[in-house]
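Each of the next two complexes has chain A plus one other chain: chain B in the first, chain C in the second.
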Partner chain A sequence: MKINDVILRTVVKAVVFIILTLGVYLFFAGHNAPGGGFIGGLVLGSAVVLLYLTYDIETVHKGMPFDFKKVAAFGVLLATGTAIGSIFFNVPFLTQAAREFHFPLLGETHLSTVMIFEAGVALTVIGTLVTIILSISEDE
Partner chain B sequence: MIEKILLISLVLFMIAIALLLYRVIVGPSMPDRAIGLDTIGVNLISSIAIVSILLKTKAFLEAILILGILAFIGTIAFSKYIERGVIVERKSNR
Partner chain C sequence: MIVELAILLPFIMAAVIPFIYRRFKKVHIGWLVLAVPVVLFSILTTYIPRIVNGQTFTKTYEWIPSFNISFTTYLDGLSMIFSLLITGVGSLVILYSIFYLSTKESLHHFYCYLLLFMGAMLGVVFSDHLMVLYAFWELTSVSSFLLIAFWHHRKASRAGARKAMTITVTGGVAMLAGFLTLYTIAGTFSIRELIADVGIIQEHALFIPAMILVLLGAFTKSAQFPFHIWLPDAMEAPTPVSAYLHSATMVKAGIYLVARMSPVFGGHEVWFWAVAGVGIITLFWGSFNAVRQFDLKALLAYSTVSQLGLIMSLFGLGSAAHALGYSQESLLYTQATFAALFHLINHSTFKGALFMMVGIVDHEVGTRDIRRLGGLMALMPFTFSIAVIGSMSMAGLPPFNGFLSKEMFFTATVDILTLNIFSIESFGLLFPVIAWFASVFTFVYSAIIVGRTFFGKLQPERLEKPPHEAPIGMLIPPFILVAVVVGIFFFPNVLGRNILGPAMKSIYPSFPTKELIVDISPWHFNTALLMTIGVIIVGVLLYRSLPKWRAVYQLFSQKYTLNAYYERIIGFSESKSGWFTRLYMNGNLTYYFIYIYVIFVGIVAGYFVLSDAFVWSPAKDSAIEYYEFILLFIMVFAAVALLFTKGRITAVLLNGVLGYSVAFFFVIFRAPDLALTQLVVESVTTALFLLCFKFLPDLTKENISRAVKFSKATISILVGATVTLIGLTVLHYEKFMPISTYFEDSYNLAGGKNIVNTILGDFRAFDTMLEVVVLFIAGLGIYTLIKLKAKKGETDIEN
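Here is the complex of A and B:
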């Protein structure tokens, strides 16, 4: 029997980009407002799960050829790897630094190494979430 | 005055969620339960919006967005499970 889900596929094509935008906004808002790496990673991961629900595993793997276990492992490596910088400056473990920079087009920008740590957390959450969903929803 | 109206509507939303909870638990068929869960999500979004009006804050707007996304994905997953019995397919047959 042929399955007709044109409406779902058409809606999801637009909605996935809205969800990804919200995830990236939550990731960058995390410094002074609700948000951060964990919640941003959860929203980004739910966008990937929505793609897996609407399409099938082979179609999504054609577009995103990642092994999500390796994504989670790389995220943990990145998050703990930010601790290496604190060794060279004789400060406590996992100390993070922040500074104001002046860019030509953007003006005064607040940059900190916590961003790299948060990116690692987000990658870990995406990898773990997608791996769990794919493992528990597999038939046989 | 407006505060009283908002409080009354909040109480009505809570009563609606309680009735929907009855439908989710007892509901004779599975589509009833899926529709009930989706409507609970919509009612939760509305009551969060009313709470944020009452408290005069913008802090809950992200919670509304995320709840909307999760209710959408949950409803799709439930209906796909009811319709086909499998949630994530390995290869679609078309």
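Here is the complex of A and C:
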């Protein structure tokens, strides 16, 4: 029996982009407002999971040809890498730096190395979440 | 500078190999690896003149200053000998392995492990700091484990690797305890500072325990009786590995430690008897057991055990000079140490050559069993000459270097009888007697190697391949070694003055170097020569009559061998710990929940009850709004309904109601970050639950007794009560300082206005980092559990 999921598919097509946008927003908002790497990663990951639930694995994989295990591994490397990186600037392990930068069009922007660390967290969360759900659902 | 480079270079190369080995399809990657030891060896030799002049090279890098750990390298005469052996024999072994291992093997693993070992071993001999030395020491055990198990599809390889690891690491941990004891005594980890403080150390009550612990490490590593049993089993490794790790270098790490620490411990009676006694027993037991072996490699393994015992006992005898202090009389006893260093080099040369010879035979003929070998002399003339020179040197015959050091060994055992301390008069006579008997057996097994392999009748039908001479590449390394064997015999004093002398200075810092150097004369006549002549006569007789007295070995019951005891100890600890683990890990999730909750209630509620910390002051709380009552009612309803549900789907949805309600509370109490996280986590877990349900059976009603029901209810209520009471208490808890004030200045401290995120990404970033790693490991764990499990009907790949 084939389940009629036209409504789900149509809704997801639109909703996924909203969720993804929200995820990206939350990730960048994290420093001064609610959000952050963990929550941003979780939202992005759940968007991917939603896609997998609605469409089959092959279709989604065509659109996003990532090996999510590697995404997670890269995230861990990024997070630990920024931590170790601080040693080379002669400051203690995990020290983060922040500075104000002036960009054309964007104006004053506050940039921080925490961002890289948080990106690592986000990628690990996305990668692990999708890996776990995919491997369980693919199991016979 | 060069010394740090010597330690680092192998590690750097080991890190590079996995990335470039794919480019080496046609060319053997060993050629690239060969550059490392060759370069290091050539650079180290340029330091010899300066070392001879008494210079030493030190360099310190702060590593963990808060724990007083620094990376200090130290190059002196003693570390020079070992580093030359490591790089010199290393070069030859790598050259040999290029021809021994085909490109079909996983060579990148092999050379990666081998370079790890080389770097670690150089680290052991160059480290001045005991903790750094310990780290490198264990790394040699680990790389040895990986190399023994290189052919990990064989059961014997895995068993041998595990045995070697268990025994050497156990000794290593004892050694660590010994180092820590030394630190408590002297307050320093630096070997040179320990040697300077030797007076304080020897008076301390913990001196003997520290010595015994350090010796345990040395004895296990150097395969001394009764810990030698791992070495024969380690012969499952590829032959280049056996030649390098298990005869020339790693097993000598224990000897290095004894030599290095003898200025600290030497001069004490316990040290003298422990090192010399264990050494001489090992010498005899190893050579006695080597004779009974049929496998050529096993024979060489026992012979290595025995030769290591010889060197060890010489260091023990030499330590007597420490007790006497510097005088003309005590110089006599330092000659034992000189002989030890001399034999250390000689053993590496002839044993390395012999191992390579056995590897050639195994490689070209397909077997190492002496019952199947014989008559190979005419077919493999070059291999034969290597075997003859190596064996004669090992048996202590002229004109080879083994003769000289064996003679010096005999002399040392006789000279020690003149010692008038350490109650030498009671057992001292045993030294020359045991040494002589052990040498007879050494002669016999050396004769077996040559006689049973190359003489006798050829049995082509019992060989795997038609015998033929080895390729030139496999012959060059052993030929270089046997050339050294002969060269040292004719020019022993070149070695003595330039290499051994400076090393003697490191072992006897208070003695003048000039007088420590022994003038070795190849042509001499003394008691030792008479002993050698006796060895030859009796050895030839025993070799001739071997079939008649071989039955002696049947007298030893298989039940009481050391191996049987080892197996029994391992089996016992496995079964007992298995029994204990199964006691509580019974696979029933209900039990695991009970453990978690009982411990939680016990510790948390226990603390609050004992410290009388529960606070109940509703007057200070703010008033509860009506919408909070509504949310609370929803939650209570969902929680109670959860208890009575029949289906899993309903249960999950009710659980979701609880979770989302909590998220609403977070919103009400203005914690947007928590609310967001709670909402998303709740959604994802619900999806995950739904996914898993297709694998689970329907919920069924359990038939459990009233008592079990009652106890479960009690635990549940206790957990709920604990959490509730703590929730009420923490609002007014005053025993600890609140930490929230610290985070208020987050923008200046961490550059962010969102306190929650600055805590996650900055204040407590270490926690976050480790959590990320844990999350990743958990994900990989689930992936491997599901994806890599054996399919139904498939057998395990093991064996």
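By our rule, the second predicted complex is superposed on the first by the 135 of 140 C-alpha atoms of A that agree within 3 Å, B and C clash if a C-alpha of one lies under 4 Å from a C-alpha of the other, contacts with A are read in each partner's own complex, and residues count from 1 in each chain.
FYI, contacts are C-beta pairs under 8 Å (C-beta built on N, C-alpha and C of every residue); 3 or more make two chains touch, one makes a residue touch a chain.
Every value quoted in this text rests on a predicted model; they were computed, and no experiment measured them.
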Ask   = Which partner does A:56 reach: the first (chain B), the second (chain C), both, or neither?
value = first
Request  = Identify the partner contact of A:79: answer first if only chain B is touched, second if only chain C is, both if each is, neither if none is.
outcome  = second
Query = Who contacts more of chain A, chain B or chain C?
reply = C
Key: Touching partner for A:43 - first (chain B), second (chain C), both, neither   = both
Query = Where does A:129 make contact in the superposed view: on chain B (first), on chain C (second), on both, or on neither?
reply = second
Message = Is A:137 touching anything from chain B or chain C once the two structures are fitted on A? First, second, both or neither.
response = both
Message = By the touch definition at the top of the document, which applies to A:20: first (chain B), second (chain C), both, or neither?
response = neither
Ask   = Between chain B (first) and chain C (second), which, if any, makes contact with A:116: first, second, both or neither?
value = neither
Task = For A:32, select first, second, both or neither according to whether it touches chain B, chain C, the two together, or no partner.
result = second
Note = On chain A, the footprints of chain B and chain C overlap at residues 26, 34-35, 39, 43, 46, 49, 53, 133, 137-139
Note = Counting only contacts in the complex, chain B reaches chain A at residues 59, 62, 65-66, 69-70, 72-73, 76-77, 80, 84, 86-94
Task = Would you tell me which residues of chain A are touching chain B in their complex?
result = 2-3, 8, 15, 19, 22, 26, 34-35, 39, 43, 46, 49-50, 52-59, 133-134, 137-139
Message = Residue numbers of chain A touching chain C in their complex, please.
response = 26, 30-39, 42-43, 45-46, 49, 53, 69, 72-73, 75-76, 79-80, 83, 93-94, 96, 98, 110, 112, 114, 117-118, 120-121, 124-125, 127-129, 131-133, 135-139
Query = In the complex formed with chain A, which residues of chain C make contact?
reply = 672-673, 676-677, 680-681, 683-684, 687-688, 691-692, 695, 750-754, 756-758, 760-762, 765-766, 768-769, 772-773, 775-776, 778-780, 782-783, 786-787
